[in-house]
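To keep things clear, I will list the structure first and then write my remarks on it.
As written, the chain order gives the labels A, B, C and D, with residue 1 at the start of each chain.
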Amino acid sequence: MKRIGWADVGPLFRDGMSVMFGGFLGTGTPAGIVQAMCDADLHQLTLIGNDSGLPVPGVSPLIAERRVSRLIASHIGTNPATGKQMMAGELDVELSPQGTLIERIRCGGSGLGGFLTPTGVGTVVEEGKTRMTVGGRDYLLELPLRADIAIIKAKRADRLGNLVYDRAARNFNPLVAMAADVVLVEADEIVETGEIDPDLVMTPGVLVDYVVLARSN
Amino acid sequence: MDAKAVIACRVAQEMQDGFVVNLGIGTPTLVPNYVSPEVHVTLQSENGFLGMGPLNGETNANIVNAGGQPCGLQPGAAIFDSALSFALIRGGHVDLTVLGGLEVDQDGNLANWMVPGKMVPGMGGAMDLVTGARRVIVAMEHCTRNGGAKILERCTLPLTACHCVDLIVTEMAVFRRDENGLVLEEVAPGVTEQDVRRCTAASYRVAPTLREMNLERIGARAIL
Amino acid sequence: MKRIGWADVGPLFRDGMSVMFGGFLGTGTPAGIVQAMCDADLHQLTLIGNDSGLPVPGVSPLIAERRVSRLIASHIGTNPATGKQMMAGELDVELSPQGTLIERIRCGGSGLGGFLTPTGVGTVVEEGKTRMTVGGRDYLLELPLRADIAIIKAKRADRLGNLVYDRAARNFNPLVAMAADVVLVEADEIVETGEIDPDLVMTPGVLVDYVVLARSN
Amino acid sequence: MDAKAVIACRVAQEMQDGFVVNLGIGTPTLVPNYVSPEVHVTLQSENGFLGMGPLNGETNANIVNAGGQPCGLQPGAAIFDSALSFALIRGGHVDLTVLGGLEVDQDGNLANWMVPGKMVPGMGGAMDLVTGARRVIVAMEHCTRNGGAKILERCTLPLTACHCVDLIVTEMAVFRRDENGLVLEEVAPGVTEQDVRRCTAASYRVAPTLREMNLERIGARAIL
């Protein structure tokens, strides 16, 4: 893990990158990193995460500033701008059931080639997918998701990058941390190595490439 | 009588002590107000915890429900990531889910997540919930705002899941689904079997034990 | 969750049951429950877990007393009795790679119908399984595992059954807790509800049916 | 010169600063003794943690390595369940694994988990490790106890995985595998190319840069 400053955040991104983010309706999404991405004037991003933000902003500033050309999410209803851009053909949205989406991300980070879920059988989610019957029940074969970079919000990081999340801000974060080539964390606090009990580490530091201290600190 | 209150009050009677329950947004969130004090249920929130409770005291920005609204944690709550949350949901560890519906049909198919061309919010966790929870209750008003039927022979909107609905509770009636289709089991006070028939576009049988909904706790709550 | 005494443990089991257990070479296996199973004179059990015990006893007493007719595990080399009974045709052993085994258990507890893993492709593990090519890579379709009862060792349980594990005794336990019809826990300590911070719960209490206090307490 | 020490000393040179490494039981566990003090690696133990270290002070019954032996935890260690442990292993989050071998062949196939009719210990985590780790080193003695070759044209024992071996380190030689097969890159001090040829049943090329193994740190360790 390398600790970086805010000036180093923007240059980690490039136009056209796929970016996986933690957070649920904005809670657990790293607001400072999203702001730094807006400031870096990025375009044609692919975002992968649960939703497009709001009531807490989450990734909504990136949507509002039209930096995103493709979004893979389970829910966009709380951010009207997303639907508007989708209807106008400006934003390509792939909707995945929430349990399927998080499992696809886990799959991508775990070296698995796919999984069979009963969710979505007989619905539009089935379109273009392989349906398989196992033990008399029908399942869809869902495939892994990975990204170029993952953005994570943690309550606490130690100097090795071990992470702890706070309450319901955990959500997608620990899974997203496994499924990207580069993992960038915004932490509310950075503590010395050894200050987090090994049993209480929620994301092992070996998964983390960069940590930046949240601005409110 | 408020339709939402009738629905929530009747759904509350389906709660059993020890149940793990996931409540969808809207009317389902009213259900805990009507649950008998002897019945303890554990509420699951699909954004990652068990033991959701009402807001008690100060709000914590990181304790929010699946609608993103501040909520509380009960003593003994447990927090986890989204993969475990949906492992619990899909894996049959949630005894009951209560969700709203746009349409339900006589085969127990449910449509509640999109209206093509109009409303495409995404399915969120709804598809997993109705597929994985042991029991699925649809809690919805009996008709559309224009008076059209929502309980149909066949859903016209994109489905959330097939053959998933176990019970439909509206402000007019309660339908149970068995292997042969829908059975009308209860009507609300002042509602006749004929009223229900007129507002319902599905085939269904009438239970020989057809009875009036018990809405005592609406009164109890009004007194509180 | 129901707190029970040691006299109540044996009657939870029946001949022929499938029993999934936590533990790795015995560490994290509930020794008191294994002893109670021996005392209950059970037979024809199916055991599902990482290994057959030793250097810490683990489930080895059940093997030694020939209570097991079928074992699904990743490793039996540390307990010579297992190999001996297998060679003599007295014990049916299914070997599954460790990562595949734990993922099959997770699958069984998560409502998934199977998963694709690259592990075992081109080896004897492939026999009788479906091979699929996804994105140019070969995978085996592995299927879920469940059991009638799971036996778990926890460091601490609260009165709702929320569990915390100690160090490397965690291993299979949190996954096994999800994949059985009945979940029985041996805990070193039982504390009041609310004494375990919600962020630190490793297995939610709703998964636990019975807790028995470990004898050394 | 002790064969195990030679192997461990040479393997240690493959460690890079920041690597996450999983070491199999036997000779691979000796490797950390020979790693340069400037190179910091994090050891993963497949039973569920990162940051394995030597025993320092008292043993803890619940801190054991994947062989079930007491070990220590480094500051900053992280503990997790077996599903996450193997998600890390299969998902490419382990940079390097070092395992023993019974046989390796010229296509990089490895057999190291069973001898039919004789030894069927089970594969444990070996199949996942050699499939998922970014780099696989087989660390083994060059010949069987009877002097038979273990580096073969084709493995005769049941495989652990296909095309998985990147480097073979024995007390006689180092072979790297590229897309065309095995390349002899190093020989131990006092061992000739002909000695290696005589003890190896696989086809291989000899690197134009063929050189002697650097075993300086064996001496360094002897001095300690």
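The rule is simple: contacts are C-beta pairs under 8 Å (C-beta built on N, C-alpha and C of every residue); 3 or more make two chains touch, one makes a residue touch a chain.
Because the structure is predicted, anything quoted here is derived from the model rather than measured.
Trainee: Which neighbours do chain A and chain D have in common?
Mentor: C
Trainee: For the chain pairs A-B and B-C, which is connected through the larger number of C-beta pairs in contact?
Mentor: Higher C-beta contact count between the two pairs: A-B.
Trainee: What's the distance between the Cα centroids of chain B and chain C, rounded to whole Å?
Mentor: It comes to 35 Å between the two C-alpha centres.
Trainee: Chain C to chain D: how many Å between their CA centres?
Mentor: 29
Trainee: Please work out the Cα centroid separation of chain B and chain D, and write it as a whole number of Å.
Mentor: 56
Trainee: Can you tell me which residues of chain A touch two or more of the remaining chains?
Mentor: Residues 103, 106, 111-112, 117-118, 166-167, 170, 198-199 of chain A touch two or more partner chains.
Trainee: Would you please write down the residue numbers of chain B that are in contact with two or more other chains?
Mentor: 49, 73, 79-80, 86, 89-90, 131-132 - these are the residues of chain B that touch more than one other chain.
Trainee: Which word fits how the chains touch one another: line, ring, star, complete or other?
Mentor: other
Trainee: Could you list each pair of chains that touch, in label order?
Mentor: Inter-chain contacts occur between A-B, A-C, A-D, B-C, C-D.
Trainee: Contact residues on chain C for chain D in the complex?
Mentor: 24-28, 50-51, 54-56, 73-78, 83, 86, 95, 97-100, 102-103, 105-106, 117-125, 166-175, 202
Trainee: If we count contacts the way the header does, which residues on chain B are in touch with chain C in the complex?
Mentor: 20, 42, 44, 49-51, 73, 75-80, 86-93, 131-132
Trainee: For a test of understanding, state which residues of chain A touch chain C in their complex under the given definition.
Mentor: 103, 107, 111-118, 132, 134-135, 137, 139, 141, 143, 164-167, 170, 198-200
Trainee: Which part of chain A faces chain D closely enough to touch in the complex?
Mentor: Residues 106, 109-112, 158-160, 162, 178, 193-194, 196, 198-199, 201, 204-207 of chain A touch chain D in their complex.
Trainee: Within their complex, state which residues of chain B touch chain A.
Mentor: 45-49, 60-64, 66-69, 73, 79-83, 85-86, 89-90, 109, 119-128, 131-132, 158-162
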